[in-house]
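In the two assemblies presented below, subunit A is common to both, partnered first by subunit B and then by subunit C.
Entry: the complex of A and B
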């Protein structure tokens, strides 16, 4: 008896794969649809996450700090409400503080040798510890910042102000009628404001910025061993009446401020939604057409004894092959995009996040499953006329 | 007892707000070892009738008994399993899968039963040899003529040794010579007592191959003829 031969449940899988790969143009069209949808979703979401992360880069770049102390009215990192100098001593006196140093952050305008002006983010770091100064130096030395009239600029800012580059060639400029010289260039993640980042010592910052009664925007604090950042922040706030937040708390508060108070999330949300809808439409439509165009083949198979369950498994296999190929290529293209643009100032620091990869995989799976379930209804309810008519 | 028995079979389809009755109280018996032709004008219900007697479509009323089993009592899954084992199909447009070779296409019913593609193709090659297609086993359908594709379809219909072969206009898309070749094969299949062949056709060139001709009109069986008498009547 024929059916006494070796049984192999994979034979219909082989048929499914041959059907899929047999029509090269349709197969490539399907894979392209999924690739495009994956690319749209993963790239746009990653850029959105990257932009929102930039709003807090000024916080994450001060890697040593466990707690940020500021005026209670400050809502995000780019909002400055200066404190009295005496607050530094008060914070240092709180039990559990290992060290606390001042951190200046504000906007200033520099005047270049040719008379042009440029707004910069002025960062004043503690003269002794240099905490808050970037450490990936592309030219010069970090401690050169302690020399009189010295500054360090971030790479993107330097190239923006002096596009010809040449980091070794020392540049001079004026800031509030004070002559300063670039003594080094460092690599630092861009911030949301995109202005060049100009590092000076805290003391220099106090000297070159307009005189005010209160000038200290932030105090950054390190907790002693055995003291948690959360506990220390609570203690500082309770003892001094100032606002003290752990670095992650301050980071999320800044991100949330931009999310709530700017049109970025809505605009990006619309872009991402459109990308997802277009990608979903392309994928769903292509897969639907693929199944519907094979309807007569499925009908013939049903007539000769292929069950709906077997057809379902065949279509799911085809979908998983197309989905895996398209997703892999789409993710590869997204990763390639971020790799190729990693040194461009506009996209520096943007990356493909694992969470985005997982979310996109789920979205693509839902889109494909939705489209095949929709098209399979036609297969399951096939009119016998489809089988018999020419 | 007959091998295929239809008793008072009716079928209606929904159409708009009402119903269209396609078959009216059809009763007949069909025996194995015969080639039975079902003839009649387009739209008279021939295709609906073979769909019902092969278990692809359910009747609205009536009893269908096939090879000792009541199709009326079977659910859809049992019908598929029954079809897989007992019925072979030949379609007007062959309905071969374009991505599969002739041997793989012919082996499809065995693969549906769980046999590996390799073993199903081996068995299919024997059938392809029997229908004169041994030189074309590894060709894709697009590389075959219409007559050759129909021979592959015949091999597919026979590969699982079914007892009943149901053919829908098997010669409609073929030239006279190819059509005769196909009918010769079907005639030979029907000459064995354990197998029956039912052919729906418009093609009066092939009436002489039948053992018996059932004539339909407007959803009713209106005649049961010997081929010579029917050809003479035509």
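Entry: the complex of A and C
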């Protein structure tokens, strides 16, 4: 009767925890299996998301703009199909446009003082408003870009070209036989192309790039108050016959292009799947062995009248303890990884996303529940008489 | 029933422990401190992860440091305009080639109508004028002589003393001498005109906007560059180039605004005229010439108090749509 009295929820939970903590090695194995699976999934997915969002960083960097206007043939941000200059006036004349400025983006080659060449992403920002110019200046002033023969470079690019750093020391180089000087260094999210980002004014970009009949790649537009970006983009596209996309639409368009045209998603998909499978295998196997090795105890409990439902609750408790601890540790390790590497050029801008956390939690829960189902079948079919044998 | 027989056989140790401990509740739930390390780490890790996810620095939408040109009215036509003087820009040239001897004006100077701006070398023509003046003088002397000769016999009626033929001869000699005087005077006048053509004067009152000539330089006719640009800047106009696609939306009565680049102040414009000829785009928004469309030019007057001393400055012009202002 003593036992009957003690077969309430609390003591069963205590028994479950005692079983779990009793074998330190298995307990650690279980927790670290889950930790490993969590870390692998969360980190790989985050890096994948980070790399794919880099393909659109050139768009998100222009934070002032609501709508991007471009030639209808443009499929992603690194593809340039120039437009006529007059399109700027046409876009400005569309109702609902607060302002519209040209934005140059293209690839160029600079020649350094030592004769080496380096490909750069040339960005031409509107001379007046400097829209699209990064504002996290590490040295120099943003205004300096308006001076003749002046340019601003991003930090990663600067360190790539001049590894010794020393941002204050203004470097001179050539671009298409035009002398330019670095007048400032700024911190900007790196783009997928990894080439240094060189900012000049739009007029400078027009002057130093080879002559072409049409040269304006993009127009960035701000919507008037009360006009949604989507409605404005539709109206601009309808009125001018150009392609007008809101910043998020253009961003996704660029990301989707890389998703479709490169092997990156497949590669990462395989890595993430392998992580999930290995993590699941470790967790499920350890859990299965844990249950199987404790079969005697479960049998004894059945023998003293513990129902299958109570056993299920015990195992679920053990699983949720292991799962939440492994998940917490794995997430902590992932966050720590991104925190520690946030200034590395290769990993700059990569971060843990809430969606990744939620998705990983669901995956881990599915893995653990799956392994429980697998091992509990044995417990439920267990004959209590086992405890009396051998 | 099974449970009641608990005392009959040995129980697995963990159940025995828990049942014996069941009597004192404090002991049931004792965890060793070492067992708390891992959960504590997990809670810390989770907390850190949540912190990095939900407390990341927010990227605020950036507001441009200098405002870009904004359209003042819904659906206003946008055009690029260039400031010009009321008179438009007059590019003065010289009528004759020569060396510049004196330059009387400076860039930015206001001049009155007829004021001498520059003079070419005139020694040659001065000598010519002196020579022709001498010719006039000698012709006059000859005319005076012819007159005296004629007068001496004109009152003599005696045909025996003076023949009619003699009188006639002297009369014609006088007429010829008078005609020679006139001829010499005309050539002198021609030389004086040539001298005046070697001096450049201001055709209108205005301001010297551009000066590309210095004393001692040779200037040809026609000159291969603009020597002096003159314009009446008492009131400034802005010449807006409107894309041909917008011409149907353009009407003369609508209000228009213009802004200077980098200056948010809006200047209301008053319509002056529109050029009837649609020409290739020339006032380019960028440096290298790339003609890409045809434009209609519309001229607007800037307000009197426009704060600029500069001509040729680019302005962003917005012309209100025809529907603007009509009650809805």
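Keep this in mind: the second predicted complex is superposed on the first by the 379 of 390 C-alpha atoms of A that agree within 3 Å, B and C clash if a C-alpha of one lies under 4 Å from a C-alpha of the other, contacts with A are read in each partner's own complex, and residues count from 1 in each chain.
Methods note: a residue touches a chain if its C-beta (ideal position, glycine included) is under 8 Å from a C-beta of that chain, and two chains touch if they have at least 3 such contacts.
These figures come from a predicted structure and were not determined experimentally.
Visitor: Quick check for you: in the superposed arrangement, does A:215 touch first (subunit B), second (subunit C), both or neither?
Guide: A:215: touches subunit C, not subunit B.
Visitor: Just subunit B (first), just subunit C (second), both, or neither: which does A:365 touch?
Guide: In the superposition, A:365 touches no partner, neither subunit B nor subunit C.
Visitor: Have a look at where A:10 lands relative to subunit B and subunit C in the superposition and call it first, second, both or neither.
Guide: Touch status of A:10: both partners.
Visitor: Which holds for A:304: it touches subunit B only (first), subunit C only (second), both, or neither?
Guide: In the superposition, A:304 contacts both subunit B and subunit C.
Visitor: More residues of subunit A in touch with subunit C or with subunit B?
Guide: C
Visitor: Quick one: classify A:22 as touching subunit B (first), subunit C (second), both or neither.
Guide: Both: A:22 reaches subunit B and subunit C.
Visitor: With both complexes overlaid on chain A, does A:237 touch subunit B (first), subunit C (second), both or neither?
Guide: neither
Visitor: So, does A:126 touch the first partner subunit B, the second partner subunit C, both, or neither?
Guide: second
Visitor: Once the structures are superposed on A, label A:312 by its partner contacts, choosing first (subunit B), second (subunit C), both or neither.
Guide: In the superposed model, A:312 contacts neither subunit B nor subunit C.
Visitor: So, A:296: does it touch subunit B (first), subunit C (second), both, or neither?
Guide: both
Visitor: Which subunit A residues come up in both lists, the one for subunit B and the one for subunit C?
Guide: On subunit A, the residues that contact subunit B in one structure and subunit C in the other are 2-3, 5-7, 10-11, 14-15, 18-19, 21-22, 296-297, 300-301, 303-305, 387.
Visitor: Can you tell me which positions in subunit B touch subunit A when the two form their complex?
Guide: For this pair, the touching residues of subunit B are 47-48, 50-51, 54, 56-57, 77, 80-81, 83-85, 88-89, 91-93, 95-100, 104, 108-117, 119-120, 123, 156, 159-161, 168-169, 172-173, 200.
Visitor: Please give the residue numbers of subunit C that touch subunit A in the complex, ascending.
Guide: 2-4, 6, 11-12, 14-15, 17-19, 22, 28-29, 31, 35, 38-39, 41-54, 56, 59-71, 74-80, 243, 245-246, 261-262, 281, 284-288, 290, 292-293, 316, 318
Visitor: Please output the residues of subunit A touching subunit B within their complex, sorted ascending.
Guide: 2-3, 5-12, 14-15, 18-19, 21-23, 296-297, 299-307, 310, 384-385, 387-390
Visitor: Given the complex with subunit C, which residues does subunit A contribute to the contact?
Guide: My answer: residues 1-7, 10-11, 14-15, 17-19, 21-22, 28, 31, 63-64, 84-86, 88-90, 92-101, 126-131, 135, 142-143, 202-203, 206-207, 211-215, 222, 224, 296-297, 300-301, 303-305, 324-336, 338-339, 351-354, 357, 387.
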